[in-house]
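Sharing a structure here in structure tokens format.
Chain naming follows the written order as A, B, C and D, and within any one chain the residues start at number 1.
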Amino acid sequence: MDYSQFLMMPQEIGLLVVFLLVFLYDTFMPSKSLKGLPLFATIVFGIFTIFSFFPVQDGMAFGEMFESNKATWAMKNILNIGMFIVLLQSVKWANSDFVAIRRGEFYELMLLTLFGMYLMISGRHFLVFVIGLETASLPLATLVAFEKKYYESHEAAAKYVLTAVFSSAIMLMGLSFVYGLTGTLYFNDIASMIVGDKSLLLIVALAFLISGVGYKLSLVPFHLWTADVYQGAPTMVTSYLSVISKGSAAFAFFVILVQVFGAAYAPIWEWMLYAIIVITITVGNLFAIRQRNLKRFLAFSSISQAGYIMLGVISANAVGMASMMYYILVYIFSNLAAFGVIAVIERKTGKVTTDDYNGLFKTNPWLAFVMMLAMFSLGGIPPFAGFFSKFFIFLGAAQTGNVAIYVLVLIALVNTIISLYYYLLVVKAMFIRQDECAIPAFKSHWTEKAGLIICTLGIILIGLVSCIYTGLSGITTSLTSMFSMI
Amino acid sequence: MEIFSNMLIYFVIIPVITLAGLALTKNKGIDAIRAVAVTGATALVALAIYLVIYFLHARATGDTSDMILQTSVTWYEPLNIKLALGVDGVSVVMILLSAFIVFAGVFASWKMDPLPKQFFLWFFLLSTGVFGFFISVDLFTMFMFYEVALIPMYLLIGVWGSGNKTYSAMKLTLMLMGGSAFLMLGIIGIYFHSAPEGQPLTMNILEIAQNDAIPHQWQYYLFPLTFVGFGVLGAMFPFHTWSPDGHASAPTAVSMLHAGVLMKLGGYGCFRIAIFLMPFAAQQLGWIFLTLTGISIVYGAFSACVQTDLKYINAYSSVSHCGMVLFAILMFNKTAMTGAVLQMLSHGLMTALFFALIGMIYGRTHTRDIREMGGLMHIMPYLGVGYVIAGFASLGLPGLSGFVAEMTIFVGSFEHQDMFRRVLTIAATTSIVITAVYILRVVGKLLYGAVQDEHHRTLTDADATERISTATLILAVAIIGCFPNFFIDIIRDSFTPVVNALTSVM
Amino acid sequence: MPLSSTIYVLAIPFFMFLFLGLVGVKMPRKITGVIGVLGMAVTTVWAYAIAFTYFFGVDQGQMSDGVRQQIVTTDWTWLSFYADKLVVKLGILLDPISAMMLVVISTVSFMVHLYSLGYMSDHDGNPEKGFQRYYADLALFTFSMLGLVVSTNIFQMFIFFEMVGVSSYLLIGFYYGQQPANHASKKAFIVTRLADLFFLIGILILSFYTKTFDFIQIMGANGHDVCNAFTSAQGLTFMGCSVTGWALTFIFIGGAGKSAMYPLHIWLPDAMEGPTPVSALIHAATMVVAGVFLVARMFPLYVLEQGAMDIICVVGAFTAFYAAAVACTQSDIKRALAFSTISQIAFMMTSLAVSSADGKLIGGHEAGLGYMASMFHLFTHAMFKALLFLCAGAIIHAVHSNENSKMHGLHKYMPITSIAFLIGCLAIAGIPPFAGFFSKDEILVACYEKGIGWGLWMSMVAGMTAFYMFRIYYLIFFWKKHEVHGEHKPKDQPWTMTVPLIVLALISCVAGFVPFGDLVTWDGAKLETHLNLPVAGASVGIALIGIGLATAMYWKENPLPDKLASMFKGLWTASYKRFYMDELYQFITHKIIFQGISKPIAWFDRTIIDGFFNLLGNVTNSASFGIRKMQSGSVQGYVSYYIIGAVLLAAITGIVILCF
Amino acid sequence: MDLTLLMYLIPSLIMFGCGVYGFVTRKNMIAILISLELMLNSVDINFVVFNRYLFPAQHEGMFFTLFAIAIAAAETAVAIAIIINVYRLAKNVDINQITKMKF
């Protein structure tokens, strides 16, 4: 066996190194110095994040089961950034009394799930993909259950693990059909096998596959676990779930649909996605309107956001892919900013409902400011990054040019009004509503501040500085082989 | 970068610098805040006046290009989105108007309380959007600045407003954003048909108009989208209903800026994007929107007749006047369109004046219900006379701006060969009587007659800052009314391209 | 004096307005008053000089082979609707009527300025509050009227119509503290505005066809060659009538509003809520003649549109009678005078309408007699009506009431006023040799030539005029002894108020001998006029009968009037209530416009349209409440949604694929 | 008699159906886990059978099955652990008890 092909996966290797370092620190360091573990893990991961920006060479490895190209490289970096912010924000929380005893596991499991997502992104064989998927989802179940004292945490974990296994079972069923029809699990081979007449069994398989990935992306009607899990899980884990795993799943989804089913089945899955997007955005918004618990509220908002991300998938072209990755990046910054504020306030006061935020601007103007930026960015208000990502993803979707897509974009746009409504509700609570027993002024830890500042800069700059999107689109347009069969 | 050698960009940079300066001030340091705000506003006015002079000079020296001061810097290279600047006569006068209103607005909100710093921050963010909208000729940047100008409204009304403010603010924001949702779809559609087969797509309005590549059946979809999108902001019937509540709840300066400048974005966009880029559909579907705007002219005037809240009266009269703007734009000839721009100027200044005075009166009497006031002319003659002048401007007294604008519109509209349009024009002219009715009704109830409330006898007349802000506007109104040709000469020729485009598809 | 200096006749009042309005308020009242009067005096002198130069001066191009030319001395492009055509200019057009009007306006206005010095002060001579504003508004009023008469184009005329309307609004509402003045000013403005709307429409139609506003371009020099665009447009018809007919009729409605023709007259009687000198100005010289002047100005077009002419004729004749009938019963002297004004203005209108322009001789008179007569009557009427109103002002100032029941027998207290008033009455009644006789005689002649019916009708009205004027006169100065209440008894007013009376009285005596036919004709050519004895005699006879009747009824106190009043109760009350025109307007404005249109529209806006957008929000909310059961919280529910969703997705797609 | 493909597929599909049915109907979380196992195992059968009958040349399906079994084991372990935690706090393993968070 040729070990040089490990050079194809420097990011995976680096991640494993980080994991090992954290593991060794956790295992062999004296227990009194374990307080430094969170910071240590964060710093090491930060270094890794920076190094992983070094370009990798394109190519396939391990019998073409694993592909690394510019797009996967960029996507992994995007995830790294998000992961770094999450770790940064979780430093203080990880040292709090309840979780301190298990802080090591927290970081190890987080890094493991990230590794699984890497596999999802880079896998070009369904075996690798499935392993990555499970590696990404199973540790998360334990992370959801991390708040040992809270019943909600465990209820959420139970719901999560049961539904997760169920969905993976369904997806595997679909995969077995695919295998039975084609006799292979390589993406490219399947693609070359299934050209020709449409078989019903493959349609079923496609539906099951979409449902399996849609579960990770929490698309309606496979989304119902989302709200409960987000609400019950520790806020750090929630933010991680809402952005990182979503992002990776979206990317993998794009690759599978375009590369595997792109050839002959594009109309079919585009139709399926069409229906799913419409109900996803709508249902997510409708639920979000009535939520008072902010974590639950953001859960539903993230459902509708997933619908917007799918607009990039349905476009199935280079612009759409670039817009989707760009959207994910912006979404990471915006959502992590929101969750960061929620986490800080929850850690200080334990309050998570909208009404608790009344008059927040008077007492904690900066937190309120960041939260407002996050809400505006999620709602797509210029000059913040969310506006650009929304515009570009609509642009990408509309590039396919048929009127049906325009109608879809119109539906999405009308939904942005509803979403704007509930985002503004939060702003209203913080800025307009007055409350004498508002959350008192407090100072947050410097790591949390750092995380929020990074998010704020991202929200403000990513849109105005065009180079990021330009780079992404340059990358995606270079993937000629991928879109060749569409 | 060559972009900074173009003076237009400074219309955006100055507000941004002002924002930065305000951000540096202390929350309590009210004097510093005022100083920064006034400096920024004054700089804007100076720059705007210089721009007018520059424009006249350029035209005088034989620069006949459609737009002067054109600069184009690539922003989003893969989508061919550029930061393209350029102004013609219409944008020049619009910028001048905006600068004046911002200037007057700063003084009108002199005693803003609470949180003056945040107020001015949002205030200048809004003006950033407004100026950016007027200076840019790129669909994307226009749309971006458009929304930048819209969103601060929510907090400006919600935090500093009065009455049922949260409801009004939410309604206003959602309706305007709903409009801009249609607009966004329209812009995307235009973008993908902006160039003939094989050529690179573009967002630059001038290039799109030059390519003239939008297929006719697509124009049928895109024209209503864009026109309604802007029409919502232009208070077109039946999408005007945000205006009364919004204006009633908004603080003075915000009402001034909103009615004075923001509603103009609607009219400007309607002609600059909807009609200019899709002349065929404009010719085909124009009659629908013409009917709607015709309705809103008379409708707004009639509804204003029975209101009792000063701000509601002006909101409805704004519906009527802005309806006249869109009405004239849809007449597709130079005279009417020139009249439309004059009407924008006139309505902007006049309504700003109205809202400023209302704010001052409200600040003293703490009521806006005309049934509870009376004989204020005895008590505050300066404000009273100002209000009468604003009223005369609104009902079109010669020598003030309203008359010039309305007459240009009527004459231009009536010149149209199409009988339907002529009859509509006749219907629209009736508004001058109804306007007189409700204006005189208010003046009679509010200023004349005996003093209703004895407590009002102790009230004071306008102070220095208030006099500055009102005098500025009154002067501007009188200047437009007395020397209309100066403005008409700036404006008229800017309509040559759009009129040519419209006539070419007939 | 060069005619090009006419601009100063306008410039001075305008400057006075700005000066008094902005600076004057800071100055002591008396001084501002004096300044105003002086300014007006200069204007008057200047206007006289201009008029003299125009009519009799050395030739500055105003005479060519015996025909007075129209001279445009100033022309400033103010507003250009199109780059080349359809330009609004502000200019000065001098021709017989505008020169004549300059004289009339400046004279009356100057008298009023002077008179107001006394009138607007209390008995100790201290000017009252708002004195400066009063003089500023007077200056503005004068300026607007002067600008109106010298207009070179119809649009400029429209502009100054508006200006006149607004300055009258300011003056009528001078006592804005009092509700009646407030209402009266509003009414005056809105009614005239309504008329101006039609005027505007008329202008739009006319300019649409002629492509110009300019009088000379439309009607040609001296109105002799009307432009082809107009004549060709006469062919086009709209709803049966020719478009030019519509245009001219609409324009006439505009004039009718200002000239208080029935049914747009209702604002005029209320206009007396302003200070009495203002009423004098409005009724005599400025506002009400604007309409007549407009028709006269466009006379060459009207004669081409007999339809429009007939409308004017009917309206004028009816208004004359109606106003006279009302005036017979009014107890408020100012209101009575107001209706007499309406009646006299109607005389002028009718006379214009019966006039003809084609060159042929009718009944020994040249064409255009009616035109000349109308202008003549305008001139004389301005003088004696101003006189009458100023007298009324003096009386009111003395007894502090408008009701003639408060007066009676003032003759021995204020003889000068009484005599002046008598002269005015004789003049308006048309007794030679006073001014009114000549002008009214010409009018009647013109009417008889139009048709015997018109002549008889107008003669009857003339008789009524004599009757009600003397009725007022007797009721004020005789009828019974004046009972004095208060310590100071009524007396003649200070010189500032009496001098104008005397001057105007003298003018009223001699004005009739002005050779008007040589000066003011519709085409500038001389017009031979000679007394038409039968008509003159008849009219004088009728006048005398009217006077006699009045004398019989009102000279000494007697029960006869009340008997008559009770005999024709309904008629009397109807006439006293001005035939319920105001009530009708009240009904239309309040019940129909406000209650019937505005209220429903406002309701519709708040309920239907606003309600619709609120409904959208509520529907969204209720929908989000309705689907909440989906999130039941039980894992099994979740997975059932999951599996159903997946299967449905597959099934629907499969069916679609298999079927299509 | 020799066994055909369908003779394996139909039972596995029935197994799968039973698993889904059991998941939706059973109240006890352990029972639900068991039905999940049924579903996963039916998937394994599918893979093996397809491989054995249709594509005997390679062993992709076999390998996949091995991994699938491992994954299933891991899932079961995690699930059991969490269920035990729930039992600690809720004192029962009734699936209808854990519906605190809803709507």
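Here is the rule we go by: contacts are C-beta pairs under 8 Å (C-beta built on N, C-alpha and C of every residue); 3 or more make two chains touch, one makes a residue touch a chain.
All of these numbers come straight from a predicted model, not from anything done at the bench.
Asks: Taking contact as defined at the start, I'd like the list of chains shared as neighbours by subunit A and subunit D.
Replies: Both-contact set = C.
Asks: With respect to inter-chain C-beta contacts, which pair, C-D or A-C, contains the greater number?
Replies: Ranking C-D and A-C by C-beta contacts puts A-C first.
Asks: So, comparing C-alpha centroids, which chain is the farthest one from subunit B?
Replies: It is D whose centre lies farthest from that of subunit B.
Asks: Please list the single chain whose C-alpha centre lies closest to the global protein C-alpha centre.
Replies: Ranked by how close its C-alpha centre lies to the overall one, first comes B.
Asks: Report, in whole Å, the distance between the mean C-alpha point of subunit C and the mean C-alpha point of subunit D.
Replies: 98
Asks: If you average the Cα atoms of subunit A and of subunit C to get two centres, how far apart are those centres in Å?
Replies: 78
Asks: For subunit B and subunit C, what's the span in angstrom between their mean Cα positions?
Replies: Inter-chain centre distance comes to 38 Å.
Asks: How far is the middle of subunit A from the middle of subunit B, if each middle is the mean of its Cα atoms, in Å?
Replies: 42
Asks: For subunit C, jot down the residues that touch at least 2 other chains.
Replies: In subunit C, residues 628, 631, 633, 635, 639, 643 touch at least two other chains, as defined above.
Asks: Provide the list of subunit B residues touching at least two other chains, using ranges where the numbers run on.
Replies: If we look for residues of subunit B contacting two or more partner chains, we find 174.
Asks: Check each residue of subunit A and list the ones that touch at least two other chains.
Replies: Those would be 158-159, 162, 166, 170, 227-228, 290.
Asks: Can you give me every chain pair that touches, using the contact definition above?
Replies: The set of touching chain pairs is A-B, A-C, A-D, B-C, C-D.
Asks: What part of subunit D is in contact with subunit C in the complex they form?
Replies: 20, 23-25, 32, 95-96, 98-103
Asks: Write out the stretch or stretches of subunit B touching subunit A in their complex.
Replies: Against subunit A, subunit B makes touches at 75-79, 140, 144-145, 147-148, 151, 154-155, 158-159, 165-166, 169-170, 173-174, 177-178, 181-182, 184-185, 188-189, 191-192, 221.
Asks: Spell out the residues on subunit A that touch subunit C in their complex, using ranges where they run on.
Replies: Going through subunit A, the ones touching subunit C are 158-159, 162-163, 166-167, 170, 198, 200, 203-204, 206-208, 210-211, 215, 220-222, 224-225, 227-228, 268, 271-272, 275-276, 283, 286-287, 289-290, 418.
Asks: In their shared complex, at which residues does subunit A touch subunit B?
Replies: 319, 322, 376, 381-383, 387, 391-392, 394-395, 398-399, 401, 406, 409-410, 413-414, 416-417, 420-421, 424, 427-428, 431-432, 466, 469-470, 473-474, 477
Asks: In the complex, go through subunit D and note every residue touching subunit A.
Replies: 16, 19, 23, 29, 32-33, 36, 39-40, 42-43, 46-47, 50-51, 54-55, 58, 60-61, 63-64, 67-68, 71, 74-75, 78-79, 81-83, 85-86, 89-90, 98, 100-103
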